[in-house]
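So that we are looking at the same thing, I have put the structure below in structure tokens.
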Amino acid sequence: MHLSDFQIFLLLTILKIVVVLVIMLTSVAYTVLLERKVIGLIQNRWGPSRVGPFGLLQPLVDGIKLFLKEDLMPMAVERPLFVIAPVIALSCALVSISVVPFGNVFTYRGVSLFEISDINIGLLVILGITSIGVYGIALSGWSSNNKYSLLGSLRASAQLISYELALGLSLVGVVLRAGSLRLRDIVDSQSAHGALSWNIFGGPARVHGAGGTTWAIVGGFQILGFFIYLMAAYAETNRAPFDLPEAESELVAGYHTEYSSMKFAMFFMAEYANMITVSCVATLLFFGGASSPLGHLLPDNFGGTFLSAIFPILWFVFKVFCFLFLYIWVRSTLPRFRYDQLMSFGWKFLLPAAMLNIVLTSLVLAFHG
Amino acid sequence: MVPIYYYLVLAAILFCIGIGSFLIKRNIITVFMSIELMLNAVNLTFVAFAHAHDNVHGQIFVFFVMVVAAAEAAVGLAIIIAIFRTRQTLDVDSMNLMKN
Amino acid sequence: MNVNPIILSLILFTPLVGAVVLALLPDRGRIQQWAALIVTLITFGMTLHLPAHFQQAHTTAASAFAFEQNHLWIASPLIHYHLGVDGLSMWLLVLSGLLAPLGVLASWNAITSRKKLFYTLFLLQQVAMLGVFASLDLFLYYAFWELALVPMTILIATFGRTEKRRHAAIKYFLYAFIPSAVMLIAVIWLYVVTGTFDVPRLMALAAAHAIPGSSTAMWLASLAFLLAFAVKVPVFPLHGWLSDAVSEAPTAAVMVLAGKLGLYSIVRFSFGIFPEQSHRIAPLMIALGAIGIVYGACIALVQNDLKKLAAYSTLGHLGFITLGIFTFTVNGLDGGMYQILNHGISGSAMFLMMGFLYERYGTYDMRELGGIAGKFPWLVTMFVLTALSNVGLPMLNSFVGEFLILSGTAGTTLTAHPMLWTTIATTGVIFSAGYLLTMIQRTFYADLGSTTAEKPGWDMCAREHVAMWPLVILFLVMGVASPLFMRALDPIGVHYAGYTVTTESSPIRHSESESYSQTAMPKPGMVSEYASVSDTAQHRAQVLAAVGGAR
Amino acid sequence: MPTTLSNNVLALLPEYILTIVGVLIMLGEPLLPAGRTRKPLGWLAILGAIAATGVSFWQLHLGVMNAFSDSIRVDAYSIFFQVVIGAVVVISLLASLDYFEGNSSHAGEYYALVCFGAVGMMLMSCSTELLMVFIGLEISSISTYIMAGFRKGQGTATESSLKYFLLGSFATAFFLYGIALTFGATGSTNINVVAAALPHTNSPVLAVLAIAMIIIGIGFKVSAAPFHVWTPDVYQGAPPPVVGLMSTAPKAAAFAVLLRILYSGYAIDQPRWQILMAILSVLSMCIGNFGALMQRDVKRMLAYSSIAHAGYLIAAFTALPADGIAAAAFYSASYAAMNVGAFIVITLVSGYSERVRTGDDYTGLAQEHPVLGAAFSFFLLSMIGIPFTAGFFGKFYVFTAVMHSGHVKLALIGLVNSGIGCYYYLRLITRIYSTANATKSSSSADFELAAETDPALIAAPLNFPMPAVSLRIPAYVALAAAALATLALGIAPNGVLRMAQSAAIATTPANAANQITPISPSSTLR
Amino acid sequence: MQLALFIIFAVLCVVFALNFLFQRHPINSALSLIVVMMSLAVIYWTLGAEFLAAAQVIVYSGAVMVLFTFVIMLLNAGEEERTRGSKIAYIVGIPGVIAVFALLAYTFVHEHSTLGMAHLGGHLNNGVSNLEEVSRILFTDMLLPFEVTSILILVAILGAVVLARKEH
């Protein structure tokens, strides 16, 4: 059978999508388990431990439970919207992973294997899809016809809109440095000298240039931007300490009070999928993506073709895992904000700080190249 | 290969639907949204012409239109909130305090 | 010091400054009255300078106008501050100057509240009137012409006698303003085709048939002018505003309300700029004038209200003057112009007297008056004298004018039946004698009326004597020594009467009579026809070519 | 010094000043304690506006300046409109100093909005780039939308703001469509480039459609019929000082834009748009005048009158370039003077809660406040077009220009309309000068009427203390300025006229300027 | 390919625009509008304006329309009623709208030969991105509008605060 380039492209893309989806959903499931375990440990208890060894089958069982439960549909809901809201939430969460490069460039017949698509405005795509995700939450609360849900979703929408600004602005420094919105370019711009050239760090490194090897300052010094991004991202994903929309004690459970069974599971998965996306983006933008922290200490083709393709992916997964762990850690450590604190924090601290970051970065870039 | 005028006609359709709903809709917010639809139609026109002329200025114009639309939306919705506070209704037809 | 070059400006600005001063002075006691009196007297004094030096100024000046003053006002469009007088406008200036202090005296006790407003507006009104008579720039003239409406309207609206005052004021304004707006089109059109607003220049161009416009355009323009003036006069079918305005307006305002402005404008502008068209329309105007005479007199006969009676009598008199000037004979024109002055004096005297009566009895209704002849001899004497002057008794002023007009009418060649119109006009004289004498009879001699019985009344006081005597003296002087005045008016009459007369018998040149006969009387629809023609560039090119050719 | 500063700085100096002042006011507002007076901020705004106007006038000596890659062109034309806008802003600010005092907790923002709005309008008048025009238009529009709804406790105010906003944005969409089609026809949005490209365009029909759309869009902004539906409601509901501002300055700016687009951008299509403008003019005059005849509310009447005046002004567009631009410029200046003045009087008479609304309420005004009565009548007379006022000379000049290009019919319709229009002004003037009817207690009658039209007033009718007249000196100064301007434009229009004429020459395309010279005997006779 | 994309998304646009028009409930209208905007974003992308496509999603769908839905939810706007006024609007509006559309469509069809054809991605794209060109022009030729936009946004913020804030 002879396939044209386009057919190959189509087949491979579908294959990539399927693989990434499967991996993604699995990791979502196990992130849940991880969270329960870690929180359990932090709170000095075991967490899930009955189903399978160390409770490793727990997510599977949870999934089956949610799947088999009766799908309740309250009388007063706006039916179409009620159904479509979790779909929007989940699909937005899953789609944004499509522009993330998981590893180095590794092509087969012109198709890059380790990312679903390489779009020249990849960062904007992620931001755009994230911003669409608001609708899932907003509509779920509104269509539930329940005042707690509505309040929860209003809070969530307000929170999302507010923190999206800071989030977007915190990334401008990185974009300025890379001069591109393509995620691959951004990663490439920080892979030359290992951890030193990552956007978050910076320092003196030996640079091989036209005039021989010299010492130069590399890296982005975007630590301010990073922390702003981190905080804004936590708020974007409605995670503690910014998890007001689903504050059980005030709002029953926020926007998904009326949801049950699979629809509830979708929200649940969306939240964790979002966490993973956020972690991916943080990795890509500030931590060199799939590049190794060791830089040229390891040779580029270390371990042959296969391993040199796999190693970056492992690095990437490791970095993402660290972020996920951080998420869980923060959740179990910090108390929840009050609503007005949340808003004033976003508008009065994060936003100006992000702007400051932009100004500083552009000044440095203007004077220093 | 699609003739440019397809896009323009699409934009015209959207623009006219926008006008139509501006006139027909009775909820202030929807009326306001029809203006957004009209602006979107204009944007499409710009992009299509930018493509036809191979001139990026048209795209830049669209960018500004978006910014302006966002600003307008902020003000417009604030006005709508203010009017809801005094009147407790969003019906266009009840905005008739001043008819003699 | 030779004040001749600036005397007209002085005359114009004195009342204006006076108005400003009055607006700043407090409205307390009789301050306003005295100030207004002083200002008007000063103005009058200055207007007397004009006849005193008229011959001298006239012989020294090159143009037909004396006391000329010409400054550039606005460069583009080209507008000049151009003042100047000929005989007619000079005498009208003097007349206006004279009437102003009398008006103040008439209002001395009649106006009790809001005096500041009254006298300020009164002075502004005087400025506008003086401006109309003195301007020789069409734009400037138009400005004053319209300005004259405003103070009068507010005077009527504020100081009117009954609740209908606002209605009357608005009616007056609308009647005058809308035709004026149309006239403005004609003014602008004249400017566009000739490039000047200068009246002497326009008159010269007109005399040379050098105004570059199609005959239709000229017709429409002349009609626009004539309509605006005729409403202001008012000529017979356009008099709707007159009786309301006259019966509402306070005495001082009513003295200057009708007549002078419109008639002067007809003579100066309609005749001056559109001589041919004026000749063509003369038969109609003669007819209207004659009808106005009879109509006014007939209506006046059945009035119970003094003011209304006076209003219709005014209509009759103005019809007389219209008739006279449109005969385009020397006699008719001279008489008409003379009669403008006479009517200013006699009519004002009539209104003054009625105002005095009203001060005493608070009514104009003849049914409530009567029976006071014996009690107040001065009052009745003056009233009778005034009435006789209005009737046109020989030896008194109006006789001269009316006689000249009638003889002019009889001699005119512009209408097919001059004797018919003369007869009708003469009937009007008889009618007017009828209603005026009836009025005297009913007001003074009949049985004691209800009001006159109730209220004590009083004979003429010093102020009233002061106000009336100048007029009475003028009745006599103008009736006896008419050449004194006529000397300045006659050249104008001769000029207009002689305008198109190549042979004494025909006022219209033969060469042109043919083209005239093709130009029928304009139909109402012609306005639009003309406009549509003028819309085309082709027409514009024609006009420009014609203009170019003319230069 | 002029030589050392770049054009980018010099050309937009007035705008920079106003922006800085606006930002300062915004910063100052939160610093002032809540209950304190906001007047210092108002004075700051006034000083800024005066400075901006002065600088703008001074720019006249600098000649034509192009800046920001030809998107800005500062010449006599733009300066004329900028000075008009600046003057209107100064006067309106003076009038509103005491208006918002004690009535509104955020007067500071009002001053900032006025400053920013003025920046937008000034940018409109000096932009040759349609994108810049659009943004300037939006700045000015948005700030006026907000100002219209500033008394948000009142139902009418928010309603007025809403209507203004909705229809304004609707119009903006049309304007934008017009720009898009212009871009489609010529491949550029710079007026100069458009003008150069139009003769060679492959798609002239697009250009014609573009003109129509642009005219519709701007027609809304200047409240020309049939795009006037918002005007009466907005004028009635908005605070009078704001109406004074928004009925003049943004209109002047919009006319500046329209004149520039049509006469210098689309000069080649003049025969086509001229017809459109003539239709628009006639409709505006007729609808404005006949609509005004039927109004009881004074502000509403003035709204219709402003439609009529827009009609007179639009008539100037049918004239030849030099005449038409000069006439339109002069008319917008004179309309600004008289209309701002009229609304200052309304501000002073009706107060914050506006219990004086209908013509009846104005009965006897001249007795209670002789100065206000006289001033109001004067402005109304100017609107009628009585000689020796700005209104007369403006009308005269416009119709001279119109006749000069041979449109006698239009001039006739216009002047007859102004004759009809005088009725409603006159009705008000005669009311002002008649004595108040003694039988009805004026205030109670007013109150009933206000309550009938505005339920919000019933709730808190007397909470707004009327400031004593002595406290309102700035407003009287503004009134005097407006009256003087109206008088001066009527009696000695030479200076302004010369400016308008040089403005016209500045913006007529070179080829047209050769053919046309301003109205003067030489042009008509030779 | 492009034709297919165009047809799919154009039909989506029109269908949802009509849905926007005929839905009674504002939130349904809002959602329809979002779909229209997203489809337009795709069309922009096919015309070689990928930056605009992203901006369309972020600004319009992600910010402006969120604000709209937010306000609809906040004010709990209900279904609109058909009133007399809207009947008049139908009678007057629909013929007018059809006339406007006929005019526009006629013009575009009439000019179709001069307008040419669209290629996927367009000349602007050249396989890479036109972002660079957009940003270069934005910061050179269009610098002033870009900067002045800040005033516009300032005004909008000011206005939103003033109008939406409760009076004490």
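As written, the chains take the letters A, B, C, D and E, and residue 1 is the first residue of each chain.
Operating definition for what follows: a residue touches a chain if its C-beta (ideal position, glycine included) is under 8 Å from a C-beta of that chain, and two chains touch if they have at least 3 such contacts.
All figures in this text were calculated on a predicted structure; none of them were measured in a lab.
Under the contact definition stated at the top, no chain borders both chain A and chain C. Within the contact network of the assembly, the step distance from chain A to chain D comes to 2. Each chain's centre was taken as the mean of its CA atoms, and the one lying most distant from chain A is C.
Comparing chain C-alpha centroids with the centroid of the full set of protein C-alpha atoms picks out D as the closest. Distance between Cα centroids is largest for the pairing of chain E with C.
Rounded to whole angstrom units, the spacing between the C-alpha centres of chain C and chain E is 68. Per-chain CA centroids place chain A at a distance of 29 Å from chain E.
Rounded to whole angstrom, the centroid-to-centroid distance between chain B and chain D, based on C-alpha atoms, equals 25 Å.
Taking each chain's centre as the mean of its C-alpha atoms, chain B lies 7 Å from chain E. Contacts with at least two other chains are made by no residue of chain A. Residues of chain D in contact with at least two other chains: 131, 135, 138, 142, 145-146, 149, 152-153, 161, 184.
Touching two or more other chains at once are residues 51, 55, 63, 67, 74, 104, 111, 115, 141-142, 145, 149, 152, 155-156, 159, 161-163 of chain E.
If you check each pair of chains against the touch rule, the ones that pass are A-E, B-D, B-E, C-D, D-E.
Of all residues in chain D, only 366-367, 370, 377, 381, 384-388, 392, 396-397, 399-400, 403-409, 411-412, 415-416, 418-420, 422-423, 426-427, 429-431, 433-434, 493-494, 497-498, 501, 518-526 touch chain C in the complex they form.
The part of chain B that touches chain E in the complex is made up of residues 1-10, 12-21, 23-27, 29-30, 32-34, 36-37, 40, 43-44, 47-48, 50-52, 54, 56-57, 59-60, 62-64, 66-75, 77-82, 84-85, 90-93. Every residue of chain E that touches chain B in the complex is listed here, in rising order: 2-3, 6, 10, 13-14, 17-18, 20-21, 26, 29-30, 33, 36-37, 40, 43-44, 47-49, 51-52, 55-56, 59-60, 63-65, 67-68, 71-72, 74-75, 77, 80-86, 89-90, 92-94, 96-98, 100-101, 104-105, 108-109, 111-112, 115-119, 122-124, 130, 133-134, 137-138, 141-142, 145, 149, 152-153, 155-157, 159-164, 166.
Across the complex, chain A is touched by residues 27, 31, 34, 38, 50-51, 53-55, 57-58, 61-63, 66-67, 69-70, 73-74, 128-129, 131 of chain E. Residues of chain D touching chain E in their complex: 12, 19, 22-23, 26, 67-69, 71-72, 105-106, 109, 112-113, 116-117, 119-120, 123, 129, 131-132, 135-136, 138-139, 142-143, 145-146, 149-150, 152-153, 161, 184, 202-203, 205-206, 209.
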